[in-house]
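Below are two complexes that have chain A in common, paired first with chain B and then with chain C.
Showing the complex of A and B:
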């Protein structure tokens, strides 16, 4: 009960939707990159003409109240429809937080559901991520933009398809921000060196025995 | 005698301690500004105090918020009453004298064009009230609110907030500087008739953007156009602290004439603030013109609805038509931000 009350309160405190195209669910993705993490804030704003259909999914028990559990259920459906790959490797995302405006605001086209997902990434100096949002419970309009949380990350290029459902970003991470990895070639040289030293030592022993 | 001296000493110590503690409190609570108030700021402070003096003590307590009230600072929206509840006092609850004093304040904070845009957007909401609304949504002039963060002062920072449907103006005053970031403007309808005259409150900006786009050659347009459909605002209400990555054509790839057109476009928004403070901002933007980007998303033909954006190290300007109100061009939202100086962040310590 406390959770539901908190959710309703959050609904009032949640910053209102930016705009209100009436006939679509605006899905705005704010993707923030840091060297080791990606955060995706997805703001879902249903226009008044599609709000009713969107609420069929959101207010799944149709009790005219949006519970925390219902928002989390929606988040899991959204998550199934999001694809994020960094350097061709799928990134496992988890829901970090979720909140919703109250149902009356959503019905009028002024409410918003905000979902925040995070994932750990293994970046190198040159990187590329591909974000796809296939969530489309009703007619949807998509926005996707990238932000950086650290000066170590530099965006090189951004490309979107016509609908902005697919968003590709090339970016660089400063070497100083990357985790230190023992270079394989250094290990190789070390092994060769040890083998050489060992064989020379043995050769010396044999020679000493012979003399 | 000894007792009197002892008591006087005690009183003096108490007084010194009180003054000392007050000074420490004042020092810790009031941020220090980096410049001294100039003539424009002094006029603004005088007009703000003149407005506050017209209010009853009950009204004053509703309109003035603590400088550190972050929730109030960020509580603004494009949405009408019914979808968004503003604090402060609204025009509908003010007497004629109070309204006159408030509009006198707006006239000194804003430029002639800026003030005209404000009054015309309010008028457009009156037009909307006569054609739409009802139910929970409340439109019209009466629903525009004023509030202050901090007390109007020449020596410490404060913010004037004025807003309603399609309008959220945040003017931070700090010493000689007055900045308007972040602010949202817009309107619906964007064309209407009042007293037999056609009024278009926000036409200058899309016209200036269209002129710049048309001046670009095919190669430059390819760089500037990032999409074929108009999109929504990206950094609207609730998106403080985010910085858009540059997209579109870079200022350094524009000719001198095109750079001038870009500055003309920017001035349509920056020029809302009074002439003196607009000149300071324009000088800064002119110096950064090579690192300023212009991006366009939408149709390129005359009258086609299009989103456009200008980003620079100290500027984010967005313009977004909305798919409501008949033609998308008849309902627009605009954002004006400075990623380094929203709410005057760099004007005080």
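Showing the complex of A and C:
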């Protein structure tokens, strides 16, 4: 009877102690913006009630060991389910790094898979990005946050849908941090102009001497 | 006995579960005056570090005061700022509970950082799911945000003062950049060049513009004169219309030097507003001003060297077409100026 009482107490206290829901795969996206690049760190933390199902996908050969190749395979599946658009243009992301906790830790709900993706963006002074995470191998909860890597980037507004699966951010990039395409062209044309001017002047002098 | 055993099992499981929560700490680091760190950390994580005490105890001022020395030792050990390999000395600690957020806040001061420094943060190593967000501020402006966790516990951050040469180089680039992205300035200069002239005439016109905008750029940057920005923008637009009209009707007197100087004074205020958006190094203000102005001149010279030879070539080889081209170009200058004028007046 006392054992049953203790177990009831355990059942009541345990959910309170676990900050992330036990029946959920928490997918936290930390998006860092710089003028020319976007970095997305996606932390996947499976609660102990869904860890087994999540591990079916992660530990694909079921050898009770999570290899680097398995994490990368998961990353490619995740990547297929992530949509990132900057100024309505899809951004091509690549996996920069990936790591996983030990399988035992994940089984107990305390492990994490950390995936870092990067993409090159062509920002203008006013920008908007839309991040959507459609990865849902098991019941998932989503978080999304944005960070800036330099003072050249200023966040104007942030909007999340109810599940935080879709995250929209409006941001500004200081003009001094934008790539200089136009000036380089002008500079190039100016140099050609100078050369033509000088060559013409020299040519004129030679002609004058000849005559 | 069974009950006691069950409680021990319960305690172990709870301990594990509590140690693996997704939790966050925040650090606000101001590297200049007043150079200070503000750290906010969850009471649950902190309580576990202090011997698994009840987190609620930390939220009570009396208990917090008792535990203050222990907390400070812990924080000093796990959050380190190093300059040139030497840990920074922290002073004036202030500790307080934030009951609504269930967090403890620690604030402390240190000598301001002027160079590259290293941050090491591993506040709760027993919780692999804990993350610490660091916001780095310089002179109250957010410079950088970093995330620390079990996998990333160190970061090198630049707080260095720029050398004079770096300041000069950066501001020369800013000046050139501003001329090339400021189509109104480009069109004003192009408008001045359309009527042509020999090298000496063009040099006088461009120098008048340079002298004028240099005067007001300095006056505005030193906050001696600061006319309303919108008024400046409207007059800049009007100046483009004026030079366009002058080029189109070919007034018998060449008024371009007067236009260049008069409107140059207004364009200087426009340059100053751009300069005010940049982080002007107070310790090298004169250099920054000089360099920015130099950059503007380089940008202007590029435009002159691009447009003047083209117009000279056109006049020499296609004199009939040249007159028509200049009229069309003047019309385009007027149209653009008028458009900006209306846009800026309506916007104002």
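Quick note on the criterion: the second predicted complex is superposed on the first by the 163 of 211 C-alpha atoms of A that agree within 3 Å, B and C clash if a C-alpha of one lies under 4 Å from a C-alpha of the other, contacts with A are read in each partner's own complex, and residues count from 1 in each chain.
Note that a residue touches a chain if its C-beta (ideal position, glycine included) is under 8 Å from a C-beta of that chain, and two chains touch if they have at least 3 such contacts.
None of these values were measured; they are calculated from a predicted model.
In the superposition on chain A, A:149 makes contact with chain C only, not with chain B.
Once the two complexes are overlaid on the shared chain, A:56 sits clear of chain B and of chain C alike. In the superposition on chain A, A:136 makes contact with neither chain B nor chain C.
Look at A:99: by the touch rule set out above, it reaches chain C but stays clear of chain B. In the superposed model, A:110 makes contact with both chain B and chain C.
Number of chain A residues touched is higher for C, counting chain B against chain C. Once the two complexes are overlaid on the shared chain, A:77 sits clear of chain B and of chain C alike. Of the two partner chains placed around the shared chain by superposition, neither chain B nor chain C is touched by A:69. In the three-chain superposition model, chain A touches both chain B and chain C at residues 13-14, 17-20, 26, 28, 30, 105, 108-110, 147-148. Residues of chain A that touch chain C in their complex: 2-3, 5-7, 9-10, 13-14, 17-20, 26, 28, 30, 32, 41, 45, 99, 101, 105, 108-112, 114, 147-151, 174-176, 180, 182-183, 186-187, 189-190, 193-194, 196-197, 200. Interface of chain A with chain B (complex): residues 13-24, 26, 28, 30, 47, 104-105, 108-110, 141, 143, 145-148, 155, 158, 160, 162, 164. Residues 71, 74, 77-79, 82-84, 136-137, 226-229, 231-234, 236-239, 242-245, 247, 320, 322-324, 333 of chain B touch chain A in their complex. Put simply, chain C touches chain A in their complex at residues 2-3, 6-7, 9-10, 13-14, 16-23, 44, 128-129, 133, 138, 141-147, 149, 151, 174, 176-177, 180-181, 277-279, 299, 302-303, 305-306, 309-310, 312-313.
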